[in-house]
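What follows is a pair of complexes built around chain A, which joins chain B in one and chain C in the other.
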Partner chain A sequence: MAFSFVDRYTWGYTVTQLRVQLHDFNVVIAPILIQGVLLIFVYILNPALITYALIGALVYSMFQMGQRVQNEAAYIRVDSKLPELYLPGPLTPEGYFVGMSLGILGSNVGTFAVLAGILEWTHPLSALAWLVLAAVLFAVFLFTVSLGYFVSTLFEDDRAIQPYATIITNLFGVLPPVFYPLSLLPTYWGPLALVLPTSAAAALVEAAEGGLVSISSGGIALAAISLTLEALALFLFTLAWARRSARER
Partner chain B sequence: MAEDALWARDVQKRYERRGTQPVDALRGVSLSIRPGERVGLLGRNGAGKTTFLRIASTLLWPTSGEVRVFGHDIVNHPEEGRPLIAVVPQDGKPFMHLTPYEQVYTYLRTRGFDRATSKQRTTEVLGQMGLTEVADRLNLALSGGLRQRVMVATVIATEAPLLFLDEPTIGMDPFARREVWECLRRLSKKGSTLLLTTHYLDEAEQLSDRLYIIDRGRVLVEGSPEGLKAQIGGTIRVSLKGGMRLKETLATFGTVATDGLDVHVILGPDRVEEVLQLALREKLSATVGPVSLEEAFLRVVGRSIDDES
Partner chain C sequence: MAMAYERPPQVGRILPGFAIIGWRWISRHPAMVIGPVLVPFIFLYFLRLISPPQDFPLQVIGAMLFTTQNIGSWVLGDSATYRLEAYLEELFIASPVTRLQYMIGLSLSNLIAAVPALVVLAIVLALVTPVPWYAWPVLIAVILLLWVLVSAIGMAVSTRIRSRRVVWPVGSLVFTVLGMLSPLYYPLSVLPPAWQTVTRFFPATYAALLVQGTVGVPGTVSSNLWVDAGLLGLFTTVGTAVALSFYQWRDR
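What follows is the complex of A and B.
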């Protein structure tokens, strides 16, 4: 197999990252607070949008995993030189990337549980919608951590990287219809929203939960295919990039 | 015949960056290290030590040359050599939000050791490195010297067949340095091979069976610390502070090496008194001692190890 990225060494590094993240209480609590603030903001603007905002908060939280991976990967590479400790060993470069991503995701399980709990309490979703939600969150995870890890390798100064993380997160997470329904967007922007991974993910969940949003079958297919292809392509590219960038030229 | 733990032939590295002149960091380094040996790589800043170590530990591509780790070609197939090595990187830091215990334990788990072995080795190595008292504090709260000890402990605990240590005791106090030396000797007795770079010549002398002195990307000389000292033509060193102006006169007594404005004269015991008389007449402060590796280094490289020029 070309890529051996999920083996016992990867799990070992996943646990390492999980422990690193869980030692910092802010890391656990901050994402919940951020989503809480955004939800209150949307509720004040229009209480009818709260279900969209809750689905959006789940998608946005997952998208933020990329920002976390980007900052963590950059910090421990530039400041602590930890790849130089971990990569000369049995842990593969792909395992290093995947383990870091899974560890960071693991430390945020609480955020997803809280948001999913509130969603189920305020607007119980159908089984199909939950299934679609799980699938799109997985795709967004693959996309965002890949993007975050790739960007982290492009800079030699970890402070220079952080603004990019914020820009990317806002560009993908706030601007497109993630926290608000697709129908509020001018019609001519619709196709673009359906090919952006975050808004495509939100639209697919809303489409699966009948009545939340009205999208044609062509639109659903466009969103599903785009999200799948973007996630897989970027993930595979980043696996290869992780291997390539493990050794400087 | 057993494979060399590390074998390198004609390793060259040229750094090329847009808008700057290319820099030849390595100009054909060849060396070999037998299993179980402790070898020191000495050189001034920028001599190429870290570049070589990073190439040998699969973190940097060489421009040309061959490197083998226990027979595995790690230039073309780094994945074959990686499980056999462990590295203390220069200026590396442990995870700030782990404790020393967690750092070592999780690192061992990441390298595939089972829980019981990882726990046992972690407790053992933290004890040997004098880290037991701080084992449960976050690395964030430790001093720079203690963090460096955690890094070394993390790597030592692996007992990997080949260890690369880039300035392993930097920032440590003299007691801590000795604890690290003891741990490295113990590890070597168990069979691990060590390649270390250091700026501390006493450390190189204490820890190395053999030394390679490199300068400007080339190996200048190779040999045991005793062998290198024996090459310089004397057993006693007289150092004269500010003795540069007497360099030519002093050269008539023995071999002279300069270190800034100071002069070291390497000579036999029969002529020491004459040099001291000269120092008294010229009102220069002088110290007498056995020849050290520092003199050998000065003789070979022509400059002090701390000389940045």
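What follows is the complex of A and C.
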């Protein structure tokens, strides 16, 4: 099955979504509140962990893109019924999904810039760590927007989606070692944390920045392979799912 | 021949009606209960890892108050949905229900979703620290006062919302900021002095100080509990009156 999402229609929809997102300041600012809150918690209660928390805030911010896609896709489909207008046109279903995701990401570039700036100011990362950070953020983006889009298609009631979004973000973003180092977790949970995309991403960046966290080469391989496979598999599945679920209902 | 018609009662059914709505909602969407129960525990686990263990009882109290404060966000969501999506508000306006009854009803239906979390957290609190008997009525009273206030704030904010799309972001903005700027999850004393002053403008600060002081958890700052109780009551009375006056109870 050949997917088609690299064309001018997808780009056009990306720009549309970007404008829609930037039109509403509340929608842009609200998803960055939790990471701000968690950073404040860490700063107040254990300032020694602020570097981990800043790396975690970047990963968590990227994970939040998926929840934004989930809310936006559900709202557009359930409330506005806009897919019925978009999809009979030349925009492909997978282009619709990718365009929405990129537009939402674009509206949040400022968040990443601010967090990266604070991180560089408080703890300058090595070039390798920045490269790893960029790579893992891309993988988390693929994973999270795919998950968000898929979940959004399972609901017919816009109001029922938010509780699930809250559970997903907390299970992936606050519970595992994203805002705190892997070493604070009981040892037996370590492998599970390295398999979860968010904590694997944070651990890989911390491992690349020598001295932040001590992980065996096997652990690094587990985190890297898990994150790559989960991101690619879910993204490909969601491209197919977008096509399959794109019909008038 | 005219049929015998028994006029249904016009009063006394509002709160049970809303209670049924609240129960139906959580029974059909279990995530509505799982979320409120799970999220405070995830936060508590996170805080337990990064903060001194002696702060844990204080954080459990904070989780109870934060859960209560979240009811405001849910009331905001329901109120906006009933008005914008279901057009139910127009039906209530045309009925004998007053805006205060409508607010209390919506708040009650949302309190039901929070009760399991509050009960579990109360059990945890009793397990992690000795709680004097007189602290329980204080805790319940504080939760009820906060519940009324945040519900009124939720209703007032919802009346300004014009699109379902911004319900969640606006709710998060208002109630997350209100909750996190107040010393719910950490002792007031660890905050910088300027921030401590700012927290005095938030009602949840007095709720937290009152419960922390009554239970006597470690890390509590010395505070006059009667003054805290008075200020919480004042915030609730004035805040609810102002919020309700903002709420537009008419056909639009």
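In this text, the second predicted complex is superposed on the first by the 242 of 249 C-alpha atoms of A that agree within 3 Å, B and C clash if a C-alpha of one lies under 4 Å from a C-alpha of the other, contacts with A are read in each partner's own complex, and residues count from 1 in each chain.
Methods note: a contact is a pair of C-beta atoms (placed from the backbone, for glycine too) under 8 Å apart; a residue touches a chain by one contact, two chains touch by 3 or more.
Because the structure is predicted, anything quoted here is derived from the model rather than measured.
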{"item": "Which of chain B and chain C A:79 touches, first, second, both or neither", "value": "both"}
{"item": "Touching partner for A:49 - first (chain B), second (chain C), both, neither", "value": "second"}
{"item": "Contacts of A:24 with chain B and chain C, given as first, second, both or neither", "value": "both"}
{"item": "Chain B versus chain C as contact partner of A:89, first or second or both or neither", "value": "first"}
{"item": "First (chain B), second (chain C), both or neither touched by A:238", "value": "neither"}
{"item": "Contacts of A:180 with chain B and chain C, given as first, second, both or neither", "value": "second"}
{"item": "Touching partner for A:13 - first (chain B), second (chain C), both, neither", "value": "first"}
{"item": "Footprint overlap on chain A, where chain B in one structure and chain C in the other make contact", "value": "24, 79"}
{"item": "For the chain B and chain A complex, residues of the former touching the latter", "value": "54, 57-61, 78-79, 82-83, 85-98, 102, 106-107, 109-112, 138, 151, 154-155, 158, 160, 164"}
{"item": "Residue numbers on chain A that touch chain B, as the complex places them", "value": "8-9, 12-13, 15-16, 19-21, 23-24, 76, 79-82, 84-92, 99, 246-249"}
{"item": "Residues of chain C that touch chain A when the two form their complex", "value": "29, 31-32, 34-35, 38-39, 42-43, 45-47, 49-52, 55, 77, 81, 85, 164-166, 168-170, 172-173, 176-177, 180, 185-186, 190-191"}
{"item": "Chain C partner contacts - residues on chain A that touch it in the complex", "value": "24, 26-27, 29-31, 33-34, 37-38, 40-42, 44-46, 49, 71-72, 75, 79, 158-160, 162-164, 166-167, 170-171, 174-175, 179-180, 184-185"}
